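Paired with chain B in one complex and with chain C in the other, chain A is shared by the two complexes that follow.
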Partner chain A sequence: MLKEKIKSTVSSLLENKQVDFVIGYGAGSDAGTVRPTFVKAVEEVQELIWSPFAVNNLAKYVMDHLYENIKIGVIVKGCDSRSVVRLVQDKVFPRENFYVIGVPCKGILDKNKVARDFDLSGEFVDFVEQGDNVVVKTTKGDITIPREKYLMDKCYRCETPTPVVYDVLLGEEIAPFRRDNYEDVKNLESLSVEEKSKYWDKQFEKCIRCYACRNVCSACNCRDCVFDMAEPNWVGKAANLSENTAFHLIRAWHVAGRCVDCGECSRVCPMGIPVNTLNRKLIKDMKELFSVETPGKNPEQGAVLGSFRTDDPEEFM
Partner chain B sequence: MKRLFEFIGFEPGRFHARWISGSEAQKVVETAKKVTEEVRALGPNKKMRDDRC
Partner chain C sequence: MRKGYILKDKLFPWLEAIRAKYPLIAPVQEDGLSLFKEVEKVSDIVLDYGITRMPPKDLFFPQTEKMFRIKNKNNMAVELETPEKITDEQVLFGVHSCDLKSILALDPVFTTRFPDRYYQERRDKTYVIGLSCQKALPTCFCTAYGITPTAYEGADLHLTELGDKYLVEVVTERGERLVAAVPGVVFEGTESLEAEKEKLTAKVAAEIKPVDITGVKEVLDANFELPLWEKWAQKCLGCGICTYVCPTCHCFDINDFNRGDGVGERFRCWDSCMFSDFTRMAGGHNPRPSKKERVRNRFMHKLKYHLDRYNLVGCVGCGRCVQRCPENIDIRAIISDIKGGV
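Let's turn to the complex of A and B:
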């Protein structure tokens, strides 16, 4: 059982003082929710769970400990492991201070999709995989969920089911079995100028400027964020269409080349704005222009927009 | 940047980016003319026009 493996791994890490604490998943308020959990002592290990809803990218939380000489264990899925690579490449958090506990993942269930058809209001007890189904045991009974129908959108295009970097891998390696063809971006690109404008105006109009997309982002690691500054007032604080458009364009650009496409920004948006699609557009363009991989996917590849090759395209000449 | 602007619904031709050296006076003139012509043909910009408070 993966849950048992996680617990024994974390216990031995803490016992041997290989890490100061471990960031993992704990049970949330209902069966479809997990809670980032920080385990500092062996007695707290039983709080850790593994769930088919373990969606959060936990790598972000090391940023609360940037200048401490501290070793942190982090449980990562394939997508989250790209964040680890990028944080190390940007020298935000040194690799030797990470202890990466990798978990191969066939896809995370989308709580919102599942909640439409099943009752998730009970507390999470456990889960088992039965072929293509996931049986989630809750305090209000068992739910059998056909995995392929209820995955997060990002999981249908996952190219890294196995973490790209880890110190220990819990479970069998899973070979990549899906491809990302940027269907969502292409569909929007094919619209007319007016349709595109209308679509995004409708999205940006909803924004309440809560900055959850920024706060959750593992690429957003500036100490002073441009959106918090009052002097100079780079972007207006008013939540109107113009300022919101400026905010979303700037946010997308500030993480361009560093965004690992983990999809957390879209997930946490309380207004349902497809924030991540802007970043996916930039990643698609970068791939076409510079023949690179998604940032963080290949640890050998440096910063896409921070390096220069003489054969780079020069459309602006 | 041009690509992202066009992705959210700015017209192609609304934004131009050119790398021009200080010694390329002719290129500055040509570029300025081209930008003016293209933007004039598009008419006034309608996006991001809310008043700044």
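Let's turn to the complex of A and C:
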């Protein structure tokens, strides 16, 4: 059972002082919600769970301990593991200070999709896989969810079901079995300029400049963010269409070549803006122009816009 | 307090009559989100909306608000142009009891010690029509703060759907002006409706997962340091979601639009105490240097400081922060930890 493997792995890491603490998932406010849980003592290990709703990318939390030279254990799925690569490549956190606990994953349930058809309002007790179904046990009863119908959108196009880096893998490797055809990006590319403009105006008008997308992003790892600068005031603090558009487009360009397409930005947005689509457009373009893989998927691949190759089409830059 | 009723099938015609006279802001559905927006057609109004994604505070305290123009007269003088009028009269319809209470929580901030012309004029010129809840969400906990799902405090008029009628309670003098200006409310025979309202209140309140705040303020009064703050702060992303979806949060920043061409505009905009630079000062000192100080401050404000300052609750149990926090920081769980002295 994955939960037991997690607990025994983490207990052993803590007992042997291989890590200072571990970041995993604990139970949240309802059956469809998990909560990042930080465990530094063996007594706390029993708070750790696994859940078919364990969506949060936990890797970036290491940035709260930048100069402490401590070792941190992090539980990661395939998408999250690309963030580990990101943080290491950007020299934000050394690889040797990570203890990466990899969990192979065929897809995470989308609690918003599930909540439309099932009652998730009870507390999470446990879950079990039953063929094509996930049976979630809650304090308000068991719910049987046909897995493939209720995944996060990003999971249907996941090309790394097995973490790309790990110090220990809690489960059998899963060979990639899905393809990302960038349908969401292509749908927007097919619109006219006027239609695209109207679409993004509508999205950016909703933006409340909470900066959740930036704060959750592991590619947004600058010590001093351009959007926090008052002097010069690159992008004003007023939440209007003009400033909001500038924020989103500038951020997309700042992470271009480094975004690992983990999808957290879209998930955290309180206004339902498909932030990730901007990043995916840039990734798709880069794949076509430079024949690279999704950043973070291959630890050997350097930063797309930050590496010089002798076969670059342009001699300068 | 005068009480009357409107027949259910007369509600939208009455709202249309209001809309013909005043801008009408009501709950609508946009892209799957429930929001308070100015409506062009009353048929756009969605009555059974649960909770809006954003609170109604924007009507009194807009996210971005122009304050005055600054014109460079010559290198020695500027001319300030303050607006003559901040807003026209408007009607805000369909506000649930938690949000109604939140308006009362904001009032003393902007109208007592530091009277704020912009807030005050919007407040004076807005007729607030409340709407009782017919159901509770799993994230609702208004009852923790003595608010009921049918409470009218904060409304000028308050509506409760009961069978084929809406009970209408005229709470304030401003409410009286509105029913006089837009007839449609029948003032008679509401005794049975009032009895049914009691039943509805009990029914919806029973759906709410109980949260007990007794003793919480006392623990916070006695303890500035508690281990739970670090525990919860670790999970926090430091974004502004909780503060921006919160109906009682009211921090703001002031800045200028300035293109360097001699004309500028001073504006204020929402700010969040959760941002890392919120308390950063000229010179670089930051009295809330880490997430622990900022997370502690936010919950102390909601559960203690607002009460200390205004004798009013800083949280109304609307549950928006619980729904929207990306890392599931749940104020109800924090309340429980505080009670446990964690």
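The definition used in the following text is that the second predicted complex is superposed on the first by the 310 of 317 C-alpha atoms of A that agree within 3 Å, B and C clash if a C-alpha of one lies under 4 Å from a C-alpha of the other, contacts with A are read in each partner's own complex, and residues count from 1 in each chain.
Going forward, contacts are C-beta pairs under 8 Å (C-beta built on N, C-alpha and C of every residue); 3 or more make two chains touch, one makes a residue touch a chain.
Keep in mind that what you see is a predicted model, and the values were worked out from it rather than measured.
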{"item": "Which superposed partner A:Q18 touches (first chain B, second chain C, both, neither)", "value": "neither"}
{"item": "Chain B versus chain C as contact partner of A:S242, first or second or both or neither", "value": "first"}
{"item": "Partner chain(s) touched by A:W200 [first = chain B, second = chain C, both, neither]", "value": "first"}
{"item": "Partner chain in contact with A:N56 - chain B first, chain C second, else both or neither", "value": "second"}
{"item": "Touched partner set for A:S307, first chain B, second chain C, both or neither", "value": "neither"}
{"item": "Partner chain(s) touched by A:S8 [first = chain B, second = chain C, both, neither]", "value": "neither"}
{"item": "Partner chain(s) touched by A:L188 [first = chain B, second = chain C, both, neither]", "value": "first"}
{"item": "Residues of chain A at both interfaces, chain B in one complex, chain C in the other", "value": "236, 238, 240"}
{"item": "Contact footprint of chain A on chain C as seen in their complex", "value": "31-33, 53-54, 63-64, 138-139, 231, 234-235, 237-241, 244-245, 253, 255, 257, 267, 269-272, 275-277, 291, 322, 324, 326-330, 332-333"}
{"item": "Complex contact set, residues of chain A against chain C", "value": "28-30, 33-38, 56, 61, 64, 121, 202, 206, 208-212, 214-216, 228, 230, 233, 236-240, 264, 267-268, 270-272"}
{"item": "Of chain B, residues touching chain A in the complex", "value": "1, 3-12, 17-19, 47-50, 52-53"}
{"item": "Chain B-facing residues of chain A, complex", "value": "185, 188-189, 193-201, 236, 238, 240-243, 245-246, 249, 252-253, 278, 281-282, 285, 314-317"}
